[in-house]
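Each chain carries a letter (A, B, C and D) given by its place in the written order, and its residues are counted from 1.
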Amino acid sequence: MDDEQATAEVRARIEESFARQGLMRHLGARLAHVAPGRVHIVLPNRPEVTQQHGYIHAGATSAIADSAGGYAGFTLFPENSSVLTVEYKINLLAPASGDYLEAVGTVLKPGRTLTICNLEVFAIQGDQRTLIATGQQTLICMNGKPDR
Amino acid sequence: MDDEQATAEVRARIEESFARQGLMRHLGARLAHVAPGRVHIVLPNRPEVTQQHGYIHAGATSAIADSAGGYAGFTLFPENSSVLTVEYKINLLAPASGDYLEAVGTVLKPGRTLTICNLEVFAIQGDQRTLIATGQQTLICMNGKPDR
Amino acid sequence: MDDEQATAEVRARIEESFARQGLMRHLGARLAHVAPGRVHIVLPNRPEVTQQHGYIHAGATSAIADSAGGYAGFTLFPENSSVLTVEYKINLLAPASGDYLEAVGTVLKPGRTLTICNLEVFAIQGDQRTLIATGQQTLICMNGKPDR
Amino acid sequence: MDDEQATAEVRARIEESFARQGLMRHLGARLAHVAPGRVHIVLPNRPEVTQQHGYIHAGATSAIADSAGGYAGFTLFPENSSVLTVEYKINLLAPASGDYLEAVGTVLKPGRTLTICNLEVFAIQGDQRTLIATGQQTLICMNGKPDR
């Protein structure tokens, strides 16, 4: 699945935008894969992203899920546009632990104005990959407002 | 409204738990008010919490909203319990800028197992207070599992 | 609160549109109040709207909540437009019983393209009014597409 | 996919419960398939289920999605229990038209107390099957409270 790649132009546009997200850098998240309509973001487990019981905080899980969905939509947007999250909903299915999290945002329904994405977050511990959150997101394409 | 205070015991329990949330500390968030069934969390605007256009990232907005709701529920839970977020949904109403954000979590319907909260996030710029996000959250009370 | 009224033109536009909703008629729902940015819809409790335990079905509760929110938004839309629900989320807070339900849709954030509404559903039994559901809804305004 | 079947006992339990849902009967919905952790419900397109533009009302779409998810969870619940919807969120992806709708509820994460389901609704027109709604649902298992 992960062999599919966005074009170099799209990848460059998204890498450049991601690099401007102060929050992603501050959390230690990195862009792991950019396919057309699908983006993966990885977040290493560190004390800086935990909640009170030592698990990864739902806010950190949501942050990478939101960015993964937003950039998944952005891969399909026209060049001179930017992306905003209208809303999302997320279910936390299991405590988030392990070596790192991987958020996968996938476009479910692209649109000229609104794009709907599916959000999944997996916890990876050695060989084991556990779905720990699932969500749904609505994005809006701001036409004529370049991302930078 | 902000004069109502939780008991010293409840405040202490929540402050101590909040202090263990590595993510809140890393983001620079602080517990601003603890009332029975209502908690406020404040997040100063810094480059470390931004998205690609320089606004505060939806993930940071959500993180403090989620913590505010979770602790609002926790103020009403029995002593020997802990709180987990089952799910939440958030609408981002306006770009989040200003001096700081204030998230207000309010219990809408307390319950023995499930508690439903309303989430609101305001952007504060000088005298101006703008509602920039609104959400709804489901919490579960883990009875017999102390928070630490 | 219920004394505020939309203009006669807006009321007429909404009553006429509501009358075309086959589902509302089939469920026995009626438009109870139309204020600017707020609409109430009432649904009598009948065997035709129940779930398996004899309570009112979440689907019926949601249907009137969705219509109340949609028309609340529509009261603020320009004349030559129509309204579509993008998405909504609803929490069922208590079993829905009583004489009838009253759904209240309220615009939280109007917008040229997207409008966000708060949804509340109350169960009324004699003098008692209980909040049984609460939700959040995103609407889209279809400009230049008249409602009929 | 549709060849998998729940046991006769589970099917009987769900058919009997579904038959008690006054709303499903009133809407003209029928139980189309019962697999372990997955239930399909079909709703013929009739004037009785429409919104103001003649499409199927989001409330009708949601009602069958909610029932499909609820019964999908119920296939996995212990015998002496019942199911309640805690909350759900649904995105309406396209106008709902065609000959009939088919809602598919699928358990994503079963649990002793809470079960999370994926909801999908398709519009079927002749040979064509279009995804018109997608959602996410949280159910609660009421142990020791038999469904009837």
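Just so it is clear, contacts are C-beta pairs under 8 Å (C-beta built on N, C-alpha and C of every residue); 3 or more make two chains touch, one makes a residue touch a chain.
On a predicted model such as this, the values are computed, not experimentally measured, just so you know.
Enquirer: Hey, which pair has more contacts between C-betas, A-B or B-D?
Expert: Most contacts of the two pairs: A-B.
Enquirer: If every chain is reduced to the average of its C-alpha atoms, which one ends up farthest from subunit C?
Expert: Max centre-to-centre separation from subunit C belongs to A.
Enquirer: If you average the CA atoms of subunit B and of subunit C, how far apart do the two points sit, in angstrom?
Expert: Subunit B and subunit C have C-alpha centres separated by 29 Å.
Enquirer: How far is the middle of subunit A from the middle of subunit B, if each middle is the mean of its Cα atoms, in Å?
Expert: 22
Enquirer: How many angstrom between the C-alpha centroids of subunit D and subunit B?
Expert: It comes to 34 Å between the two C-alpha centres.
Enquirer: Indicate the residues of subunit D shared as contacts by at least two other chains.
Expert: 86-87, 89, 91, 136, 138
Enquirer: Which positions of subunit C touch subunit D when the two form their complex?
Expert: Where subunit C meets subunit D, its residues are 17-18, 20-27, 46-53, 57-60, 62-64, 66-67, 82, 84-92, 95, 147-148.
Enquirer: Show me the residue ranges of subunit D that touch subunit B in the complex, using the header's touch definition.
Expert: Per the touch definition, subunit D meets subunit B at residues 86-87, 89, 113-114, 136, 138, 140.
Enquirer: Spell out the residues on subunit D that touch subunit A in their complex, using ranges where they run on.
Expert: It comes out as residues 89, 91, 93-94, 108-109, 116, 118, 131, 134-136, 138.
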